[in-house]
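Letters are used for the chains, namely A, B, C and D, taken in the order the chains are written, and counting of residues starts over at 1 for each.
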Amino acid sequence: MTKESLKTFKKSLWVFHMNTGSCNGCDIEIVAALTPRYDIERFGMMLVGTPRHADVLLVTGPVMKNMEDKVKRVYEQVPDPKAVIVVGNCGATGGVFHESYSVAGPLDKIIPVDVYVPGCPPRPEAIIYGVAKVWLKLEEMEGKK
Amino acid sequence: MKNLSSEEIVQYFNDKFKEKIKDARIEKRSAGSKKKEFFNIWFKIDKSIFKEAINHLCEIQFPHFAVISGNDIGENIELVYHFSVYYGVRLKEISINISVEVPKSNLKIESICDIIPGALISEREIQEMLGVTVEGIPDNRRIFLIGNIPEGVYPWRKDEKGPQKLVRDMYE
Amino acid sequence: MSEKTTYTLPIGPIHPALKEPVAFEFEIEGEKIVGVDLKVGHVHRAIEWIGTQRNPIQIIYLAERICGICNICHPLAFSRAVENIANIEVPERAEYIRTIMAELERIHSHILWAGVAAHEIGFDTVLHLSWAVREKVLDLIEYLTGNRITKAVFTIGGVRRDITKDQYPTINKALNYYKENLGVLVNTFLDDKTIQMRSKNCGILTEEDALKLCAVGPTTRASGIKKDVRVDQAYCAYGDLDIKVMTPDIVTGEVNGDVYDRIVVRLLEVEQSVDLIEQCLDKLPSGDLVAEPKIPKLLATLKKTEGEGIGRAEAPRGEVIHYVKLDGKNEAPYTWKVRAPTYNNLLAWIPMLMGEQIADIPIVAASTDPCMSCTNRVTVIRNNKKEILDNEELHRLSIEKTRRFAR
Amino acid sequence: MIVLRLIKQLFKNPFTNKFPAKYTPTSMTEFLKDVEKGKVKMIPPIETPPQFRGAVAYDKEKCIGCQLCMRICPSRSIEFIPETKKIKIYLSRCTFCSQCVEICPVDALSMSDKWLLADTNKYSKNLIVE
């Protein structure tokens, strides 16, 4: 193995997608990123069914009050090194739901967030670009080790 | 029974319930370039004949029940039941909206689940959103608000029982 | 085995759709479901309440985000309700453009659903096939409105974007693409042995149940009830168009009300939508786009208006109805009530799921198109020991059943 | 039948748009640095149509501070700065509906086609338009 490749994040990124109350707009764009037109799976990324297999937590939607503890629990279940992406503006800041009585707050008040993908919903390629940014972070963490 | 026009439906109700129908209004709208028309009927009825009126409506045709909406109008709470009849016939559908007022001192309304079982979710919703007690409801658990907001707060109310104090400012 | 014991099996609650996220609690007897209970409301976003804090123009964009997939029908129903109250006449051209947008959305939503349904029975090839076909309509939507998903073309009293003559070639190209390529999809779904085996006689909803439980949309039409707002009521341009209710007997000659029939209805509707868009483009009248182009003036008028009204529209999943009350004092509506289609289809799940096997849960639940499958997490309680069955496991069970059939 | 389709597939261009690179780069950090320097080229994303709704662009000179855009913004993403009588738009709150663009009486706002906005800070400079 060359020194160069040591710097790369060695695993394929596996992603756990969690919906905390979004309108489905972002969710279908995430699925669209997996399907032939954008095909994110060519980078070895895939959606997995449980957080314990995942490297990246992908969250969509504002966090509802009764999803608050579930998000925390899922975040703790993701093994280190991990990263969190928020897709869509309502997860980042509340967006159109900003004065709702059942929203617990933007995601970064609840768990640490690494990358924000603004858009309502973002195009699939914007999500791919967001994943690339997460890649940077994971590589950085790998480099420090 | 043959298909009634919207005037005939209003007449049909007026004949049966007379002054218990407080108000009946036909809203006529049209759309498209051929200006085809459609009708919405709005009834305001007295609480005492509520169940009977629904039964009476079922005699025209088994209606499609849409939803119950609720208004908090000060002393009373107004519940609006949305139905439609004559669906399936090209451009003949008529929407019927029956509103009934319930005083806040005695927030009770009869359940219509025995006539239209599909009304269950909507009745559970008005129970928790407005604090109206639906008598004879087959299932009286909360539905949308479990875990989100405490009991005793009714989001559709405009008075002190509203959810205003639960709002968090997200933009600090 | 004389004594039968039943077990409880909760599914959910992470369900992404609208305000109807749902958790099921099943009572099972071996593999057979004998009892179903529903829990909804985990992702209740209080949209109706937020609406009473904002002005009608802001609500349009809020209504769009009730559901990311049916984001044409909600603003449409809301603006129709407000137009009915304030007596605003929508220009003819705007009515036609609204119709075109609504039908484009139906195409994209039904094809999306077809992919999800195929995924639920473990037929992932078809998922990718149908989503690849779907991209074309998204491109068209983006070309016409500027956004892929949330179109933001509606406003009270009209539409915000025109369809001009020089856009026709692109639209026609996309429609022709669908005429050519839908055949592949339809053949895959209707003739494939595996799909037939999994979907025929599965999740049956009888006509009586559909009527009593007030089901809407393709769910009720597959059971033989002719209920379609586009046909029943002259809204937008539908009064001028040649349209009929799609029921499964057009293709199969009989109505069973099973999952297969629901697939048939949806595919028929996609074909119908392509046809409707062409009719609209032919007849597209000239004229204004909006009744009142100055938004501050419109808001001032609405502030003075008093009254209540309803607006209805046919979403891909069924009828949407919005009730709005304006009090004539505030800019924000006094009351706003939204009824999304899945709201009424929830109860229809119970008779559908009764007597089916656990492996059929995903496809039956998905067959009403509850915006997404709600089978995220399953706990099976066997002999007082909790075994967690997750989404994957349930999905695997479903795939295994397909494989058994395929053999 | 299926063989025919397979043979056809061989000669067709793949349907996938290979953004940002055909294969996983050896190091994503290096790759993005190289792109910035112009050494390698990203495969471009699918083209946006005309009138695409991307990030809002703001012409500060034209703005007269009438605050109409704030009144109709559905997500309160526009902030008014009283000292300068100008506005500040937070893209991480925006819903990209372009209603503010339409209501602006002096055309100070417009929709750009910038949409690759992912960032590590939601209030970073890239995501605030002023």
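Here are a few things to note about the model shown:
Assume a contact is a pair of C-beta atoms (placed from the backbone, for glycine too) under 8 Å apart; a residue touches a chain by one contact, two chains touch by 3 or more.
Note that the coordinates shown come from a computational prediction; the quantities given were computed from them, not determined experimentally.
A count of C-beta contacts for the chain pairs B-C and A-B puts B-C on top. Centre-to-centre separation between chain B and chain C, using Cα means, comes to 23 Å. Inter-chain centre distance (chain A to chain B, centres taken as mean C-alpha positions): 42 Å. In terms of their C-alpha centroids, the spacing between chain B and chain D amounts to 44 Å.
Our note on geometry: chain A versus chain D, Cα centroid distance of 19 Å, whole angstroms.
Of all residues in chain A, those that touch two or more other chains are 36-37, 64, 66, 93-96, 98-103, 120, 123. Multi-chain contact residues of chain D (touching two or more other chains): 15, 74-76, 93, 95-96. For chain B, residues that reach two or more other chains under the stated contact definition are 145-148, 155, 163, 171.
Contacting chain pairs (ordered by label): A-B, A-C, A-D, B-C, C-D.
Taken together, the chain D residues at the contact with chain C in this complex read 15, 48-49, 51-53, 68, 71-75, 95-99, 102-103, 111.
Per the touch definition, chain A reaches chain D in the complex via residues 4-5, 7-9, 36-39, 42-44, 89, 92-96, 98, 108, 114-120, 122-123, 125-126, 128-130, 132-133, 135-137, 139-140. Contact residues of chain B toward chain A in the complex are 145-149, 155, 163-164, 166-171.
Residues 54-55, 57-62, 64-65, 132, 139, 142-143, 146-147, 150, 152, 160-161, 295-296 of chain C are the ones touching chain D in the complex.
Residues 18-29, 31-32, 35-37, 48-50, 60-62, 64, 66-67, 70, 90, 95-97, 99-103, 120-121, 123 of chain A are the ones touching chain C in the complex.
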